[in-house]
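Input: structures, listed below.
Both complexes shown next keep chain A, but they swap its partner, so chain B is in the first and chain C is in the second.
Entry: the complex of A and B
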């Protein structure tokens, strides 16, 4: 069956085709094993005990009643850990593996119970009594900025964890014809992957193995090793394919705690979090952006003056990086001769904010795109035209000393306008909006891949990428099928085990197709070089099938050929982000909405997305990523928002009260278009994709609502109440 | 307590705790992990199974209530190694991303098509309104259900 030959075609046979998703059959039959589906012999079940407020001083912990529950094997508090209790985290080592003395957010584990059954663990957890004194929490941007507020991390001088200053030109002396100045807010939202988090930690002869649906297994390995004080070689991470990630499964959370617990009890321990606990574990940073934008009489941006305050949670997680990256390119895909961006990462007594699709860009984009719309109205310009006048040409530098525009971005804008029928007259209570979104890609990162050509001509690809639904396995299969000229069914992509797959920085920033894709191509080339040398040695021509060739070379030993490839985005010392953006993720979105002025209800009639992807290696997968991303964007635009009470507890904790888009909320028409000029740095000219879809949905929809009913709202989400109220306020 | 029922056409008799849900029973006691848990409060549909032919959220049903019933889970849809047309349509139409919502989604769709073999898009949306997916824009799921309906009618 395997039509093996090593004659690689010049024209790709598989790349560029919508090959069916690898793993789809397992996913429609229930055979796919997610983390919570794994069963490990002899595992104890884990339950966390928390206090009922965000910030509390722990006075005493009473565990006698819990310990008496049949089947309870361990009740662990901070006193049972090495002292001082290790702190760790992906950006800073600032999070103690368990609360010590004081809790800093609602849901932070204070006590951990391990028992033979989930029932016993739950019962025992309910019997642990924690005596505590509630302390006043810091819950808002204003409180975090107030020097009189309590410190979230008491070894710091203030709750401003980091402050960034980016800019160029001279904003203060720039002369503008029209200045638009507004405040915008973006809500605290949660990832709500349908798979809640689940973990297993098990001691093994070499050290410890941890199963976690983590997007970045190698980051988890490093963080756990740091917490334990071990060499990374002793920590093995096995990452089952996540049931949705979106950044929420990117960075380590409670795995270090589970590692200590497993080592203490000498047995595997398993924790399956509830959806509510998952809400308390990860979220997106909320933000307040003050924007002052100057324009000349023709609508050209003269300056951007932005101040963005992002509300992080109690620990840094990857939050400071979210803030610096998003603010670095906050001015969007536009020329701004003068720019000043000040951004802050603020600590608060809330769930640690982490990466979330778009990585801080949607927060900034909401402000900057809305500013353009308001300027257009004030200057009597069309909202497409004002963008046309400000978008840089291909190759043009728009951030000094940074890679310039890597696509013909005007093309995306025009295509989105045409697809939403921009110039066609509107029915009453209807409006259209358009916006652009731009995100930098990962900087200073590295990917390694191994491609093993086996004796029978089939191949295994070893890659540290996680396939969380974006379809990395499929795309990698297509690449190898072309590079080695073998059929996709002869290829297996192995992922997610740090004892098997080589190093990869992360599955984030839409980087895998570009960086891991390039690494895999390099590994295939390495295979081909060796194959050519073998052919020379055994005197065979290039048309001899791999199987024959390897038999001629190895005989009955059945050896194989192993190719190693790598790709990196260069580390640039002194660069504010550690390196230049290898590509830009650029998205144009346009919406047509109908608003019921009596109720404020918004009906999205049409939503179109145009992504400049360079080359879609699998068009269907790119389109479905964009569609899903856009609908996720409709969530924070129209309905999603975590609400806190005065104790710092999430009021809408769980699926009943926190609403994400359902199948009934999707646009009547949803279209995704791809611009493919093969001008990216990835395989066949690909750029990254998958986050773009949500970058600028809010501004497109907000502008459409404004056109429909004449209200400009600057606080997300644009709920019916807010819209209705704005209509009332306008009428009075 | 002892519980007897039929799961995917096979008789099953097992001990079950009185407070355990059908979802817990299926996943933990029977070892059928294709049925997924997300919200555990009847809001997401990830745990959807067919109970005596009707789609239910198995996280809301006590296992003991299913005595003598027939349950179909995602593992029971394949017949003689052949995928159910719905399963095939989900693959073909690109409706599957991470896949976590898919077992529940397919069983909800199965029930929908059983009740109405030729649903309009509005009826598909209504039928699947209780099933959340966070990956997809849902439109491919609608395509898949429409396609499976068409295939079944032919």
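Entry: the complex of A and C
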């Protein structure tokens, strides 16, 4: 490598370039070590034992036969844990680390087996006999709202865990020319990360170390420490880069149980969940949204009256936050002079729902965007035009006392319409649809970063962000390369070890580029300040390479310069979300589809995405994030849904009958465009990105199908059978 | 996965001995694409698995003899669809075998395995029925032939007796001109199991042979004419499950029947 120098250009050299993904080759060749690839000496293999229904009273547990299996070292039940059995969770401490007396969802661990081999653990688990009495479960929004239903958590007064009331103006006295009123449903869907959820817990002299592909290592450290009743300093989290997270790997689930097991056996314990077990561990909240939207004769929104019921699972997880955050901005990127949003987080005897890309917004967006399409039809307006009339101008406040529109959002709308050739006549059985999606960003969070400029002029970046495929390592490398004026191959980004990297709130809400990015810039500036002071002290000019400068300063014993930086989104007491949205993630999507009216099969001929990202630090990564996100959105739009039987068991448990899009299901044409006005709060004016792609896919595709074959379906997914049925119903 | 004994015999005699010794809790491993899934899920818990791929004389060949195309039990879907003789005489079978699983699955999965698995939704079953396939079976007691139309007894159940092994499948080469085609309905465009599938053939006399899958407990063969598609498909007895409702399946059979017949007539004219 040529010698480094510390002359920072005014114009970024690396930021804004499509630098190849750091670690991409390892990921695609199988060289990357994911959590399940790690081999820890002396580890026992773990298998959970569950009962064959959602809700059951546990009568007795018989473990004799299982204990006799060769290699079995521990069979643990709730009786073996501290009493009362600790409860924990990211938001509420409501989830016992193992089922106590009663199960609340199908797949909840009742017994844990640890054995020398996976086969022995599995065989022993199959020999554990649990006597239980099945109890009637609560499985739907309607049942959860029914005061006569059994309580999911019996210390509560109802299954309504939280209820939010947002709004402004006076909906009841607002006068509208046209009122559109409908119910919309959004299915339970699961994240389906390709990397399995895998965990290792190992006692060590300082306390305990947990390996987990967790997105938020510092949240996991807190939750495990709380469960154990230990100071956080005694808990070390090692988080190998996840192979896809999407929110499903965000929040702790089974790690506290594994921590207790490891401490009990005094050895490392390892669990790799199957895909089927993962389906039973993570999902998106399903939702039913009742929407009443008033318009004036020109198509301007007069009021939004929304009631959104989100069906969470048996425990809160991060669900109440999903509900409040999504419903807070549920009216979308539109002016609404009057608004009333009532949203509820409902408990049920199902897999606890958790964060999932979009964080509740796709559920609300499906309703609100579809309402606009119906209003356009009733008012004789074009679906682009009705949006044009309602989108706030840049800087305009659209939620009272909240940060206003932070971009020229009309530009995204027009770009999407043009890119899908909105005004070109359609062939038979074809239709087009367009919609916007808006998601609030991270509120009240903090990121810290350390940048170590080593004696030879190379640098290490220490960051608590997890690179789960979104490319954080690459973007951070680009930022540091520009800030320290060194080559990318002189930079290593260190992540995922709480004993090494400083605190970070989370890798969520598309926040890392903005907040960790700003923290890293601050750390680089801190380095540069120290370098300048050193240069002054040794009498060197700014053109002297780092290596020479540090040699002159530290001598042959060597030393380094360490920069600390931080960034936070302010905590605002009294704000419904704890703080204002630092930026808005705004996306326009437009689709052209062809529908086979005899079979209901949908062929997405064209899908275009326009994302207002402020500045793309790495355009290729942003575009591919949006495209991946949009394809994920096509999943819940067209095919994905977890189907439950009356016992609360998932009927389509596994990859055979839970359908996600394959490469053959992606649109014939898929284009993503970026709007870059450098108007975001992040590095170089960046906003967060990566979730936007899926926010409004369903409404765009749904509207296109409507135009193609004349049916309006308000329940996702829009399966071929559902479309066919709607066509039959219309004909009769 | 439950522990089980694993054998990889090199002679038929050893296969038959193992089948007899462990009957009925024994499974045969050829491609393994259905077996492995069920071993892992615990749906199959055999005492023994007999891997037949190294058996002397085990055929992975497609051989034409006396008006019959004999497809060895080791022939994979990939082999099948790339064989010129199959492409020439049995286009619907090529269409069906081309959509079984993914490329990786088709490189392992065998035609014989697809029928022995006896899924009501097996994609190759309808064209094999339409083409009048015959299953060649061997056991310690000797060899016999089972017409495919008598082979399926129910989901996962076949006419194979304990100790019997499928050695090949015979496809009679059509003597009269006919056109044939395969259609299926899936929930997505990529790799999927059929919500329903259908194959048909038509000759110059207008006689139609049609078979459909995922529409009854077994793949069903029916006959009629171009004018009786509704009556033919009405013989289906579809159920509602996670892949589709009964009414949708029933309706799709007729849609597929019309489309398959149209393609078949086009091929007949060629």
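Worth a mention:
One rule holds in what follows: the second predicted complex is superposed on the first by the 731 of 732 C-alpha atoms of A that agree within 3 Å, B and C clash if a C-alpha of one lies under 4 Å from a C-alpha of the other, contacts with A are read in each partner's own complex, and residues count from 1 in each chain.
Criterion: a residue touches a chain if its C-beta (ideal position, glycine included) is under 8 Å from a C-beta of that chain, and two chains touch if they have at least 3 such contacts.
These figures come from a predicted structure and were not determined experimentally.
Legend: residue contacts after superposition of the two complexes on their common chain; A:119 is shown touching both chain B and chain C. After overlaying the two complexes on the shared chain, residue contacts for A:652 are found with chain C alone; chain B is out of touch.
Of the two partner chains placed by the overlay, only chain B lies in contact with A:29; chain C stays clear of it. Look at A:663: by the touch rule set out above, it reaches both chain B and chain C.
Contact with chain C, but none with chain B, is seen for A:720 once the two complexes are overlaid on the shared chain. Contacts of A:567 after superposition on the shared chain: neither chain B nor chain C is touched.
Between chain B and chain C, the partner in contact with more residues of chain A is B.
Counting contacts by the rule stated earlier, residues 119, 654, 656, 661-664 of chain A appear in both its interface with chain B and its interface with chain C.
On the chain A side of its complex with chain C, the touching residues are 119, 122-123, 126, 276, 598-599, 601, 603, 638-639, 643, 651-652, 654, 656-657, 659, 661-665, 719-721, 724-725, 728.
Across the complex, chain A meets chain B through its residues 18, 20-21, 23-34, 36-37, 39, 118-119, 191-196, 241-246, 272, 274-275, 468-471, 620-621, 623-625, 627-628, 630-632, 654-656, 660-664, 666, 670.
By the touch criterion stated above, chain C contacts chain A in their complex at residues 1-3, 37, 41-42, 185, 187-193, 195, 242-245, 248, 251-252, 255. Taken together, the chain B residues at the contact with chain A in this complex read 17, 27-28, 31-41, 43-44, 46, 73-75, 77-78, 83, 87-88, 90-92, 94, 96-103, 106, 124-126, 128-142.
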